[in-house]
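Both complexes below contain chain A, partnered by chain B and then by chain C.
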Partner chain A sequence: MSLLKLAWRNVLRQKRRTALLSLVVVYVTVAVLFLYGLLDGYGESLVEAYAQYVQAPVVVAKAGWWQDPDPEHGLEVLPTLAHPLIQAQSPRLSLYALLRSPYRVQGGVVQGVDPEGERALSRVPFKVKEGRWLSRSGEVVLGYRLAQRLDVRLGERLVVETGQGALGLEVVGLVQAGVGNVDFAGVYVHLEDARRLSGRGILATHVAVKVPRGQEASVAQELNQNLPLGLRAKGVWDLMGPIRADYEGSRLVYLPLMGLFMLLAAVAVVSTVYVSVRERLREFAVVESLGFAPARLAAQVALEAALASGVGLVAGLVLGYGLLWYTSTHDVFGPLMRLSVELLPEAGLSEHLYTAFRPVYGLYASLVVALSALLALLFPGRLLLGLEPSHYVKGE
Partner chain B sequence: MKGMLFYLPVLLALASAQTPLEKLRIALDRLRGPAHQGVYELQVERLEFVRTYRLRVYTDGKRTHLRVLEPGNEAGQAFLFLGEDLYLYDPRLGRTLRLPPAGRGERFLGSDLTFQDLMGRDLEEFFQVAETQGILVLTPKPAAPTPYGKVEVHLKEGLIERILYYDQRGQAVRELRLAGYQGLNGAYLPREMELRDLKRPGHRTLLRIAEIQVGAVPERCFNPLYLERGC
Partner chain C sequence: MLRLAWRNLLRTPGRSLVTGGVVALVVFLSLLFLSVYAGAFDAFYRLLLERTGHLLVRVEDYEDKTDLESLTFLPPSLPLPPGAEVEGVLEGGGLAIVGGRNRTVVITGMEPRGLARQQGLLKEGGLPRASGEALLGEALAQALQVGLGDEVVVYAPGGFGLGVYAFRVVGLLDFPETHLEAQTLMVPLEDAQALLAPGRVSRLEIRLPGLGLYDLKALEEVKTALAPHLQGLKVETWLEANPVYAALLPLYDTIMAIYVGIFFVLAGLILFNALYLSLVERVREFGLLAGLGLSGRRILGLVFWESFLLVGVAALLGMGAGLLVHLELADGFRLPLPQWMLEQYREFGLPEVLYGRLGVKEVLLTLGYAVGVALLAALWPGYVASRLEPVEAMRYVP
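Showing the complex of A and B:
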């Protein structure tokens, strides 16, 4: 206890130096908290977008369909999926088609859905901005940006053509989900119409399954153990396209970068402590000559480094969590994300990004304190371990 | 009895009168002309450029084989329209491809013409036909796969003179004009075809017949295998 008091007193002796040291740690702590929150928030927004809008938490399809998502690899018989965590399931039939308005022709992926089944599974039916969701065959619901691009309005007919057939469908709803794939490329038709457009005797191309958040991978894995031969289930992370690589790449870049930040902050703390120790070598020599063990002196220096960075950590945690709270409850990144969605409309990005808020980030940031103490023990501490008291006491 | 005799000519005239659908059918049949081969000039006009193609054409009225002669960088491309089937040979790929039916909506050589305009009978299949003041007015059948809200077909002496396509808001978006009909072996062929995109001023496509030779066309011309080597 006396060691702690001593260390604390020494830290307070050089208030300006301590304040500058703490500022470095504050900066790094805020950066660590914010970057972790941003990365996790980005990951969560991707999972949300793919699980609730673009795909589903879990998707079951033929192995051939996963290789080549063509209706020829569709399901002639719908599988019976049983798992205690399954909350809803609905067949879907997706196929590539040409969309023709009087002004423009554009290719896209048409999603054939069961209107009622989709309500239990996806948030898309609840994001209809104009008109209504599908209720019967002969209707189509479009992403509102796609409708603008094709220049079709509610009540008008849109021609959907595939290699196997063509249908004139009435536009009954426009969806604004805030997810690029839905708003810019969403084409939802009744499952019956999709079956006719596919021109094959299939009932669906895949079955979308709703499971609780966080259970996607485990449910998919357990389903795979009981699925009939040739069928395979995938969790939401496996359903993401190239954007998953972007997210994982970001983590690979930012996590070492944060480690480097923390190391540099600890080095800054320790280098200052080193200078401080060198200035006080005579003082330490006197204390040692009075019977204080060199190891205890080294421990005191390590404690000083830990306390100085600890002050910064506390202030950094307050500031960092304040920032995280704000950015996790306010759409601060909305304009930036909307720009990203414009640039990459089919990447599955959401127009909203909220940072994650997790206590564990504080633990990660506190590593800078441990690192400072360790480095202080290694460098200024070692200086004290090799101290010759007689040399300094004599004033040489 | 006397009264019946009076009405007989009227009844006969009514019986022989063509329905609007029949008029359309006959006009479309006439549009195809007789079996012939020739050279067509296709001029694609845009605000920024004008591009002219010369095409060698072989047709029996129902099936058509087209080969691009000029410009040099696109020469060798060949198209074969066999009713619902559409084949394309691209010399750069060195392959003949069968286009899916959806490909019929694609623009032909970047012009305003679609493959459907060249080969299709959509006007008969997808529309209900009525006649108003000598103009055939076509409205889509329920759920018909056409993006148009109305099509007007203007006839002159049973031949199509103008086709006006309207969007579903009542605005004319596309106009096709046919002129210079030539009687050939009892059939008719328009020597000039002009297609204008009414939504985009300056977008126009002209198709003219430069050379024509009426007569039977070898059957091999309608075989996809002959797209590459020519017939």
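Showing the complex of A and C:
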């Protein structure tokens, strides 16, 4: 305790110097917190988009369908899925189809859904911007950007054609979900209509399953152990397309960079501590001649480095979490995300990105304190280990 | 003054080395970062340019038109500069049907020159040489379960052509983007016209020889010369035709400046610390210099020289190392990421092999930051040193 008190007093002896080196630590702490928050926020926005809008938290389909998503590999019998964490499940039937409005023809993937089942599973039904969600067969709900492209409005008819059949469906709703795949390519029809359009005796191509957030992979894994032969479940991370690589690639690039930032901050702290130790060599010599072990003195220097960087860390945590709070509650990155959605409409990006806010980031940032202490022990601390008290006490 | 500043830096070699090392590292990393990102951006844009040509001619207000009739036109003859090539393209949507399977496709009708440009993407088979032959994306062929020599029926209602046409698959294409590969069907222009819109094209692609990726001024000149000859049509540069990509270009500069700025703020703070420590250590010395008659301005100059020398030497070293690595990158490199990730990045149009690019702008940006950091970091320590009272400073005890 006395060592701590002594170290703290020494840190406060040079207030301006401590404040300056704290600035470096504050900056790095804010950078670490913000970057972690941004990366995790990006990951969370992808999970949210794929689990709630584009796909589902867990999807069960035939192994053949995962390889070749054609109705040929659809489900003739709907599997019974039992797991305590399953909150809802609903069959879906996806088809490749030609969409014909009175003015335009465009290809797309039609999603046959059970209107009520979908309400319990997905957020799409709640994002209808104009009109209403599906209620019976003979209706279609479109992403609003797709409707603009097809030049089709509420109440008009859209012809959906597959090689096996065609149906004229009434446009009853336009969805604006803020997720590229839904707004630019979403086509939702009644499951019965999709079955008719498939021209095969299948009930669905896959079953979408809702499970609590964060449990997707484990539930999929556990389901796989009990599913009938030929069926396979996948969690949301496995359902993501190439955008997952962008997220994981970003982590691979930026996390080492943050490590480098923390190391440089620690170097800055240690260089200040080094000067401080050199200024006080005589003081240390006196203390050592009074019976203090050199190792204890080196520990005191390490403690001083930790305390000095700790001051910066605390200020950085306050500022960094303040910034994270703001960016986690305000859509600061919205304009950039909207541009990204326009650029990559089928990547599953969301138009909104909020940073994550987790206490653990503070723990990561506090590594700078540990690094500072370690480096202080190695460099200025070593100076003290080789100190000759008689030399300095004499004032030479 | 310069010599004095240099000598002062050498008096604390350890600290000068550490601080200079940080600055050099930041300059090096900034150049590396800028080279890699510019290379990635170029690759992204080059692919776009290759696909669209330098200039595109389409009907006026095509953004607001929806039906094939108003989106297509009879190609006029254009007065083009020597060496320029113009190709008509007709594009439309349809359904490719094979037995019980079907997939939606984008039918692209191309002239022989346009089809020949796909040679590099050819995975199997050859190019269409006669009417009724088609190139399919490999993923599309897999989805339809067809191979070379098989027949695909294309159903494309909504136009004013035949609406249905049978093609024989003669070649399979391997695109970097699977989603594109899964819907690509390329056929001779005459076949596409018979299917969708006889005699018409939906765009003219103009390719100009010897023009670089960002030679937009030269493109503007050709565009201006063409405009009077286009009645009811509109000519756009490849960037104008892709407004989202065009919006990215100015954003890219800002984002890069912010990224590099983040590195330099850290370097600046570390330099600031080092200069302040150096001041604290030499308070008595500064007091003595002032007592001997050195003006506050010259003391301020001394601190600035120390900062500029330290940053200058470090920046030169960092830049040298950065440029050397850049030369390597300019010959082509792969991002140091796992193979599966690189393959996924291809889906966004980013090839596995990139070519680093550093322009004058990027080098000046880095140098500008270095100079700015040297200046800002020295301001306060220099000011404090210049205001020292000689007697008080000489009595200073740390």
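Here are a few things to note about the model shown:
Going forward, the second predicted complex is superposed on the first by the 393 of 396 C-alpha atoms of A that agree within 3 Å, B and C clash if a C-alpha of one lies under 4 Å from a C-alpha of the other, contacts with A are read in each partner's own complex, and residues count from 1 in each chain.
Keep in mind that, in the parts below, a residue touches a chain if its C-beta (ideal position, glycine included) is under 8 Å from a C-beta of that chain, and two chains touch if they have at least 3 such contacts.
Every value quoted in this text rests on a predicted model; they were computed, and no experiment measured them.
Following the overlay on chain A, a clash is recorded for the pair chain B and chain C. Using the contact criterion defined above for the overlaid structures, shared-chain residue A:192 touches neither chain B nor chain C, since it reaches no partner. In the superposition on chain A, A:20 makes contact with chain C only, while chain B stays out of contact range.
Shared-chain residue A:252: touches chain C; no touch with chain B. In the superposed model, A:40 lies in contact with neither chain B nor chain C. In the superposition on chain A, A:138 makes contact with chain B only, while chain C stays out of contact range. Once the two complexes are laid over each other on the shared chain, residue contacts for A:130 go to neither chain B nor chain C.
Chain A is touched at more residues by one of its partners, and among chain B and chain C that partner is C.
Of the two partner chains, chain C is the only one that A:271 touches; chain B does not reach it. Applying the stated contact rule after C-alpha superposition, one finds that A:162 touches each of chain B and chain C. Steric collision with chain B, judged by C-alpha atoms after aligning on chain A, is confined to one stretch of chain C among 6-14, 132-140 or 384-392, namely 132-140. Looking at chain A, you'll find residues 97-98, 100-101, 103, 105, 161-164 touch chain B in one structure and chain C in the other. Contact residues on chain B toward chain A in their complex (touch as defined above): 100-102, 105-106, 126, 140, 143-149, 165, 167-169, 173-174, 199.
Chain A contributes residues 17, 20-21, 23-24, 27-28, 31, 68, 70, 72, 96-98, 100-101, 103-108, 149-151, 161-164, 199-200, 241-242, 244-246, 248-249, 252, 261, 264-265, 267-268, 271-272, 274-275, 279, 336, 339, 342-344, 346-347 to its touches with chain C in the complex. Taken together, the chain A residues at the contact with chain B in this complex read 97-98, 100-103, 105, 138, 153, 156-169. For chain C in complex with chain A, the residues that touch the partner chain are 14-15, 18-19, 22, 25, 66-68, 92-95, 97, 100-106, 142-143, 155-159, 179, 183, 244-245, 247-248, 251, 262, 265-266, 269-270, 272-274, 276-277, 280-281, 335, 337, 340-341, 343-345, 347-348, 398.
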